[in-house]
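Report on one structure; see the data block that follows.
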C-alpha cells in the first residue's frame, strides 16, 4: 500500500531531484508540491524551470503547485520532503510538524538541535527514535528529521567503517561541484579556469554534523563522537559529485588492506533507494573521479580510493553525488527509514 | 656586465616560460637554446609551437636550435636552465656539469641526492654551498642545482614562516592546474566536468622535498626537517595556479594574527626576479583564487588566505603560479642566486 | 535468430561505444573484437582503458582481443563494425571485404568512392544497393558500407526534411564537442577558456558528404545533390554533442511552421536502434543544448530549434550526439539496415 | 590639458573595465563615479566588488560614489561614459544630455534612433556629426553617442574592408564568451559542458546595427547599408573574447589574397586607445583563438583568420575582446573621437 508524500520547495534544484527520484517509487506516491506564493496555483511545468536531464514525469507536469503552508496540503499526505531555503524552513518546517506532518528535510536549519534526529540510515538508524524525545518536548503529532550536508555525507560512511580502529581525528579537504550551491549559486565568471577556497558555513557543518552522526544515542540524547575534525572546503569547475581527501588518525594501526576490507564489508540497509553495497572501494588510485563515478548505485553509493598509510594513520579519497546521495536521495532514504520504522 | 645563459629543452612549455621570463632580464642574456635531435638546426620559431600568451621575442624567434649536448653549446655560456624531461635530464645534466657548465634545473631527477642543492632563495639560500661538496665528490667544474616541484614550492614559504612556532606535522591537499602536466599532459576528455585524485609521484615529492628544503645544512650535509608530511594531490579543470589546503600541527600555540604577521613579515631576497614581498596574506577568506591571484608579483609571489585555528593547530590555503614560481621562475631565481654568490 | 558481429578497432573511444550499444542488442551478438598487434591475445578489460560511463559488460571484459586481420576473425561472424583510424582502415577494410565480410564502417576513408554506399537509414536507405555495383566491380563476396562524419549527420535530417521546398544552398557553422577528436585529440590546455576555429578536413567532409547523401541513386550511380554548401567548423569546451547553426536558401517560401511540421513529420525507420521520431523540434529557442539534449532517443534523435525566417530563407539550430548518432550508433543502424535488406 | 570624465554605472563589469582602461590615460582624468542609490556615498572600493585582474587604482579606490543624476556630478566634468543597464539608461542618459553633458554610451538603448550617432572611429567617424541634428531636434547642450554591441563590433571591421568588393549579404554565427552577459549573467550550471544557442535580442542587434554602421551619412540622416544580414548567436564556456564565423556574398569576385590585403591595409585612426593596425590577419587557419588572441593590441585589435572562398563568396573567422573592444574600449575610443572633433 502506497504512502502519499509531498515536496516542500518543489521547484528548485533539489526539488527537481526529489521528483526525479520519486518517479516509479515502489512505496511513495507523489501527491503534493509546494513552492513560494508566486507560483501557487500554476501547473508545475510552468512553475519550475525544469533542468534535470530526464523529462518531467507527465503527471507531475500537470500537478498544481500549492502554497507552502499546512492548510494548503491535503491531510492524507503522510510524509513531506523539504528542500526549502533554510531561512524559510526554520519556521515553516515547525508549522508543518505541529500540524501533524512528518518531515524528512534536507535544509540545514536545526540539524544540530538536541531533539532533532540527524540520520543516515546505514550509519545511525537508531537516532531516528529521537523523534520520541522531540514529540515529548514539543508536543508535536508530526516530526522533523534531517539528513546531513552533502559534504558531510560523503565522508561519513568511510569514517564509520574506520570507527572500529579508533577514530581520533580527521583533516579533510573538499573539491565540491557547483550544483551544491544551487542552480544559480556559482556564476560561470567565478569558476571557469578557477577554484574557490571558501564555501560559507560549509567547514563548520562538516566539523559538527560528523560528530553528531557518529555519536551514541542512549534513548534520551546523542553524545557526540569525540574525534577532532578540521575541514577546508573548495568549489571547483565540476557539475556534480563532491570529491574529498581525508587524512585520519586512528588509535589502532590497521594496514590498508584491513581498512579497505572494513569499508567494503560495511553493511548496507534493505530500503528501496539504498545501494546494494554502501561503499565501493577502487584498487585503481586514479579513481574515484566525479564524472566517472558519481552515478554508481544510482547516485547513492559512496566511492573510495587511494587508501594509503601516512605517518599518522591513513589517508583516502571519497566521492558521492552531492544532489542525489548528498541531498534529495538522502532525504528520500530517511523517508524510507521512517516508513520502515512505523513513523508514518 | 651580462651573463650568457642557455636553455636545455627550450621548446616545451617550461622552456617557453624561460624565454618569456628572460626577455629583458637585467643580468642574463639568452645565448643558446637546445632541443631534441629532430629540431636541431631549425630556427626556434619553427622548432617550437609557441603557446605562451605574449609573442616570441623577435631575436629568439630566429635563433638556431642546438642539440642537447655539451659540444653543441658555446663555451662562453655560463649558466644553463634545464626543463628537460627527467628521463633525459638524469644523464644529460651530469654531462653538462662535468663539462663545466652550471645548471639550474627544474627537472625532478636528483632533487633528493645528498650532494645536490635543492633551493628556494628566500628559504634556504645557504644550501647552495652544497656545490662545494658536490664538486669535491664528483670532480666537476660545473654544478647542478635544483628547485623543488611546483606543488612543494607553493606551501614551503608559509611553512617556513611557521617554523618558529614548532612545525610538527602537515596534512596538505592540492588542487592543481592542468599546465603542471605539460601542454599535452591532461586531455580535455579527462578533466572537463571532472577532477583527478591522483598525480603519479607528486605526493611523494611533496612529502620528501619539503623536509630537505626546511632542513639544516652544516657545511657538509643537509639534515632533513623532522616534521611529518602527508599529501593528497588532485588535478582540477584550471589552466594555471596550484591552490593548496594545509593543516599544520605546531608545538606552540600562536593565534591566527601572529601567524599572519609571521607570514607577511617573512623576509624576501634582493634578486631581480624576486617579488618585493614573498608572501601576500589575504584577509578575505574567499582568496586566493587561481585565476585572480596567480600573476601577483609577476607570478612569483606566494598567496595565503583562510588562516584559522583548528583543534590541532592551524589551517590555511596557499597559491602559486605553477609554471612561473613553480617551474621556470624558480630556476631563474636560483640562477640569480648562483650569480650573486659567485658561482658563475 | 541472432547475427554474430565483430568490432574492428574495439579499444578506442568509438569502439567502446559500439560495445555499449551492442549490449543486449535484440539481433546482434558480439563475437569478435580486434585491435592493434600489441593488444592481441589480451583480455579486453586489459587491452582497453574503459572510459564509457557504464561498466564494461561482464562477458566482453573477458573476451580475447584478436589481430585486425581476416584470418584472425571467425568465419561465422557476418558483420563487422569498424572504427579503425582511417589510415589503417583504407587497406584493412578492403582485405576484410575481399575475404567475404560485410563491414559497416565509421572510418572516413572511401566515403566518397563511387561504388561505396554512404547511408543514413532514415535518409537514403536505397543507396545501400550500391553494394551490387561494388561487388560487380571489385569481385568481393563481402561489402563495405559507410556512414557520414558526425558533423555531417547532425544537419542532414533537417536538410532532408527541407528538400521538398527546394534546397539551394547551405551555410553552416558548427560548435563541436571534444570527444569528436577521440579521447586524446584535444588537450585541456588547448580548450579550457578557449575555442578552436579549425578542424582539419571537417569542412570539406560536410560540404561533400552532404551532397552525396541527399543525391539520387539510379541503380548504377549516385548523382550528387546540386545544393551549394559552405561550412565553418569549431571545437568548443563541451564533452559530447555537436551543435550547428544552419542558414538555408530555399526555392520556395514556406513559413517557419510549415518547416517545423516537415521536420516533425519526417519519417523514421523501423530498426532496433532507430528513435521513434527522427527529428525533435523545440519551440523553446534556448534549446537544443548539448548537455541537456544529446541523449534524447538514446542519443539517436536529431534535435532542432530556433527555426526562423531570414531575408534569404530560413535558419535553424540542430544537435546530435556525436559519438552515438554521429559514430557508433550510425554504423550500428547501417548494420541493422544491412540485416533488414538481406545483405548478411 | 586633460579632460575631466566620469563613469555612469561604475561598479559593474563594464564600469570596472572603464576604470582599468582610464588608468594613466593621456587625455582623460577620472573625476566622477556614479552607481545606484544604495552605493552612493560609499568609497568605490566598498561599493564595487572588484573583479578585474589588475588591482583597483589607488586613487580610484578612495573616490566617493555618487548618485546617477545630473545634480550629483560636478559641472566641470565634460564627458561621461555610460555602462548603465539599458532599462535605466533609457531615461537617465537623456537627463544628462539635457543637462549639458556629452555621453559616450555602451548601453543598448537608442542605438537605432535616427538622430543618435552609432560609431566606430575607424569605420564611420563622420557619423559623429549627427550630433548637430540631435542638438537641433532635441534642444540639448550635451550629446548622446553610442557604440555598437560587442557581437556587432567584432565583424564590422572585416566587413567594412570588403565593402569595396560589393557587400551583398552576410550569414554570421557567433561563439560568445560568458562575460558578455555580465558577471552573473550565465550560471556555471548552464554552461559547463554545454553551449547555449540563443542570446535574447543579440541576433537582431547584429542584423540592424551593422547596416546602420556601414550606412551613408549625408549630413542630415544615415541611409542604412542594403546588405542582408542573418545572425545566429551562441554562448560557449569561454571567459572573454567573441569568435565569429562569417559567410559573405560579394558582387565582385576577389581572391582570398586580395581580401586579406584589403583587411590588413584597412586604415586605423590616430587616437590614444586605437591599435596601430586595426585588423590582424592570421595565415594560420587555427587562429584566432579567444584565449590566445583576445588581448592583441591591448584588447582593441580585431583578429581575422581562415579566409577562404566559398561557392557564393568568401568565409572567414573573426575575434575581438568583448569587454574591451566590444564595450568599455569602444566607448572610450568614441570619447577620444568626440574630443578630437571638438565636441567636448
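We call the chains A, B, C and D, going by the order they appear; numbering starts again at 1 in every chain.
Keep this in mind: a residue touches a chain if its C-beta (ideal position, glycine included) is under 8 Å from a C-beta of that chain, and two chains touch if they have at least 3 such contacts.
Going by UniProt, the chains are A, B, C, D = Aspartate-semialdehyde dehydrogenase.
Everything quoted here is computed from the prediction, not taken from an experiment.
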Chain whose mean Cα position lies farthest from chain A: D
Chain pair with the higher count of C-beta pairs in contact (C-D, B-C): C-D
Whole-Å gap separating chain C and chain D, where each centre is the average of the chain's CA atoms: 42
Chain centre separation (chain B, chain C; CA means) in Å: 47
Per-residue overlap in chain B, given as positions that touch at least 2 other chains: 51, 192-193, 237-239, 291-292
Chain B - residues contacting chain D, complex: 51, 53, 192-193, 291-292, 295
Touching residues on chain A, where the partner in the complex is chain B: 169, 171, 173, 175, 193-198, 228-230, 232, 234, 236-239, 243, 245, 247, 285-292, 305-306, 310-312, 315, 317
Touching residues on chain A, where the partner in the complex is chain D: 13, 51, 178-179, 183-193, 237-239
